[in-house]
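In the two complexes below, subunit A is the common chain; its partner is subunit B in one and subunit C in the other.
So, the complex of A and B:
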């Protein structure tokens, strides 16, 4: 079991609990993919994040580790699932577990990235957020003929960082809550560029 | 790999609410903005943005003073449910004091621009949403075509969208595999006996597969009258009543349903809604009448033909105004089912 994935699932579901009636399972993979992307802002590497994401024939971003974590947490009664509407929620036991995990040094460094994602979900709808992620240049470039393509290689990480740096140059890395602003601005820019490209009749 | 457009970033930065609020109120402003948006989003979990009957709602968080910015003494409210009930009919001004503690006033008490000198203020005025801060404001963009708020999940508008799709793609030409079973003949002149059961099953299956909501058939609202379908998004509900118009056949005898049948359905729905409002005042409920219209002009039973098959294609139903104006009623939908040519 990947502890990072397990923690991330609990943390993000707890963060959005008050704002939406749970999360659709494919959206859960999507928002945690955004957390992982944001960790690159601070110079982290994808391997430091602790698990990978892939684009599969059934869609993406998808992580085996998140999938396994959700299954495990549901079986243990820490998550609740509403299969009728395909939603997953954090349960009261899940909250207790999260409280214990939050104090661990090996995990709490991840909170700021999840907090920035939760803020983005306040400012953009979940549908807009996922739409932006799927139009993010590295994701767009994935070879969809392959059954499974691991997201992020050295070139794509370089491009993602470059995009973040353009935004940080304007915000300033010392600005308060800069990570929150980066997450919102990055998603809004992708959506806006896509809208403009669409209006001009060219794909991004 | 195409990079992000620098000009887009610069333009969005100029328009950024976060940047403007930060320069107006600093760190405490950003903190208040985040808390305000969370608060509004929570309100809309109890009060669907799309089904709002009130015209105006203002929510604010004071920054410069912990004291109320509104002259009169406000009423204290301590749950989001209670807050939603307070504002749902006439609107109101709410000040978030802390998590789950609010002061509320009537709308006449103040205006958002004045408040914003020392507060971050959210206003929804006739579905136009604004954030005010330090005597300026920004308009929040619409999320969905024709409206919708980023702070609210789509409910009733999503239902209307789904019904439009069902009408055009599945029902109009009876292309739905379930719905086509309601016809007695291939030319779609006459319905079978009691077609409403098939219509209900068709619509139920479609809504279940299409919507992120709980869809259930035949729900009792009182002991004698079950409602055809109930669609729920948490504490937000739509009651759907299904009626049909046209002619059905059983053992060679025709049964005809006229617009009076649809009007009767709307009256029934008004009664359901009144009953729901009395029995579950905490749940937001709206009613929707769906009328499957298979009327044909000049039906000849022996030859199973109609001399004017499309006579009623554009003939709308005239419902009594008072029923249409019912506070919890969504506009009735007539689905005209075409003849097969």
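So, the complex of A and C:
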């Protein structure tokens, strides 16, 4: 069992609780993919993050570690699932456990990436955030080709980082300190580019 | 083959001016530890030097560094005259003598030597057989007899080996060469203690000396040939005469460059040796981190498990019913609940008897998680530091290796290229044939010396391989002894690794030391007191190893005022280390200042009267007026030491 994935699932579901009545399971993978992406942009590695994401024939981003974590947490009664509408929520016991885990240094550093994602969801809505992620060029290319692939290779991380660099240059701030702001701007830029391209008739 | 080392029994000194007013001074070494306590300048070190002199005819020269044993013994032997001259009154020169009685295995030997007759002996007693010598020739003959008696009782190959052990292993004086960090001394000692045969150790000793000599001759011959060749090469140039000053300058540059290359070789070896240690430590840390992570993952998962399985089983309706009704719902038998409770207590399911896990409470898990979390973070930080260190050492090694390559090339160029000689040479065409012959002779000579040296290096390397193997076999017994003694002093976990090295082309062995996993190859990476006491711990462990190998050979050390480098806390630890050695069967004679006796007091507390005595040397000597005026202070300090022996503070 991947402890990072277990923690991330609890943390992000707790963070979005006020915002949304639970998360669709594919959205859950998507928002945690964004958390991981922000940590890579910030200079961490996938190995530090602790688990990977893949594009599968059934779509992506998908992480089997997150999938297993959700299964386990649900079985242990820490998550609740509404199978009719495909939603997963954090339960009260899950919240209690999460409170105790938040202090661990091994996990603590991840919080700010999840917090930035939660902020983006608040500012843009979940649907828009996921839409932006799916239009992020490196992901879009893999998705378009329906290519089974492990995401976040060295080249794609470099490319994504470049996109962030443009925003950092624009606001003249340290990305690490203004992570929430920078990530929202980055997502908005992708959406804007998409809309513009669509308006010009070249969008996909 | 077994070797035996001396165990002191008694010393008697006559006519020794420093110790007046007493005529004869007698010290009985009838306890495992004897502390010779006295004021400054009273002759504590002199007494130890006297004992060594009686046994060997040598007083260790404090300013002579060790190069070759015969040379060292020769210069130290001459030094004994000078050493005792200032300490013995002119009128006592003839009658001043020292007698030492000691055991070598079962043999008791008593030897009397005049203080100014290093190569002669006045009387010799081997067990009950006493021999005295009158004339100088007879005394020298008796000295040879004594050497023979030593060899047969000690099982050593030569008397020089006995002297070597006395001077470099059995006597500790912080002003002299430390055994642990001198590769040559250490290798010779290990050959004696761990090797198959003392004859082999003697062969190695000769090889070491001869390799050094051959190397020096090869270099000299090469140098001579080079000089002559330069002269020849320049015979075509305008004659300006050989500038002797210039030649001397060039020779000086050559020597400096040679020394630089040797020093760089040493540095490259040292740095290279650090790399595996860094890698090993990194691997160790990674393994520890991985283990902590494994425990963390398991605990994490357990923590997240919501329900306690045993509670689920207890709340199962059938079981709940039996417990509350206290009888079987099927047949109505009474007492069914007792059996159910028993099975639950054994953490078994009462229906299928499968095991049921009992989960601890959250607090228990978060406690473990927090602890593991801290541990993983600490290990991660240490791993980062170690990775940086590995990178730094690797970089240093590459730089040094590159520099060495450059310097070696420079040296080779200097030895073969004419450019460096400059333009000063003498044109004497008539000398050409003679010069050519000389060049060829010198080059041939250099070649022969190099070949001889290489053959000896190969032989010494083979013997070193054999010794390495022997040491590894002995390590299981030896290493724990060393670790235990060194830990008593340092309070740290120590580890020794035996490394094969080459010093000035001589194949040697060296210990690398790990203090709490930190690699300390150079003595300068340790504090002064750590250096001294790790050295003493090594000697003690060697003696303990020999004792165990030989059955009942109680080895011991003479230690000269060891507490100089210590603070109070370490004095206590050093005392404990010494006491452990003594209580395990070793013997010690140590000197100590009467006013700085933290070490002695700690040792006395651990040893008690059964194992230790304290000799007040202040009673023997003429004190200065200041010392006389404050004599009560000596008495008080001495009393404190003696009271510690009886366990009274």
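In this text, the second predicted complex is superposed on the first by the 191 of 204 C-alpha atoms of A that agree within 3 Å, B and C clash if a C-alpha of one lies under 4 Å from a C-alpha of the other, contacts with A are read in each partner's own complex, and residues count from 1 in each chain.
Operating definition for what follows: contacts are C-beta pairs under 8 Å (C-beta built on N, C-alpha and C of every residue); 3 or more make two chains touch, one makes a residue touch a chain.
Here the structure is a predicted model, which means the values were calculated and not measured.
Annotation: superposed three-chain arrangement on subunit A; subunit B versus subunit C shows no clash, the two fitting side by side. The superposition-derived angle at subunit A (between subunit B and subunit C) is 160°, Cα centres, a multiple of 10. One of subunit B and subunit C touches more residues of subunit A, and that partner is B. By the touch criterion defined above, A:100 reaches subunit C but does not reach subunit B. Applying the stated contact rule after C-alpha superposition, one finds that A:162 touches subunit B and leaves subunit C untouched.
In the superposition on chain A, contact is made by A:1 with subunit C only, not with subunit B.
Between subunit B and subunit C the least C-alpha distance in the superposed model amounts to 27 Å. Shared contact residues on subunit A (touching subunit B in one structure, subunit C in the other): none found.
Taken in their complex, subunit A has these residues touching subunit B: 18-21, 24, 84-87, 119, 122-125, 128, 137-138, 141, 155-156, 159, 162-163, 166-167, 170-171, 175-177, 180-181, 184-186, 188-190, 192-193, 196, 204. On the side of subunit A, the complex with subunit C involves touching residues 1, 3, 6, 72-73, 76-78, 93, 96-97, 100-101, 103-106. Across the complex, subunit A is touched by residues 1-6, 8-13, 16, 18-19, 22, 26-27, 30, 34, 37-38, 41-42, 45, 143, 150-151, 153, 212-214, 233-234 of subunit B. Within the complex formed with subunit A, the residues of subunit C that make contact are 296-297, 300-301, 303-307, 362, 366, 369-370, 373-374, 376-377.
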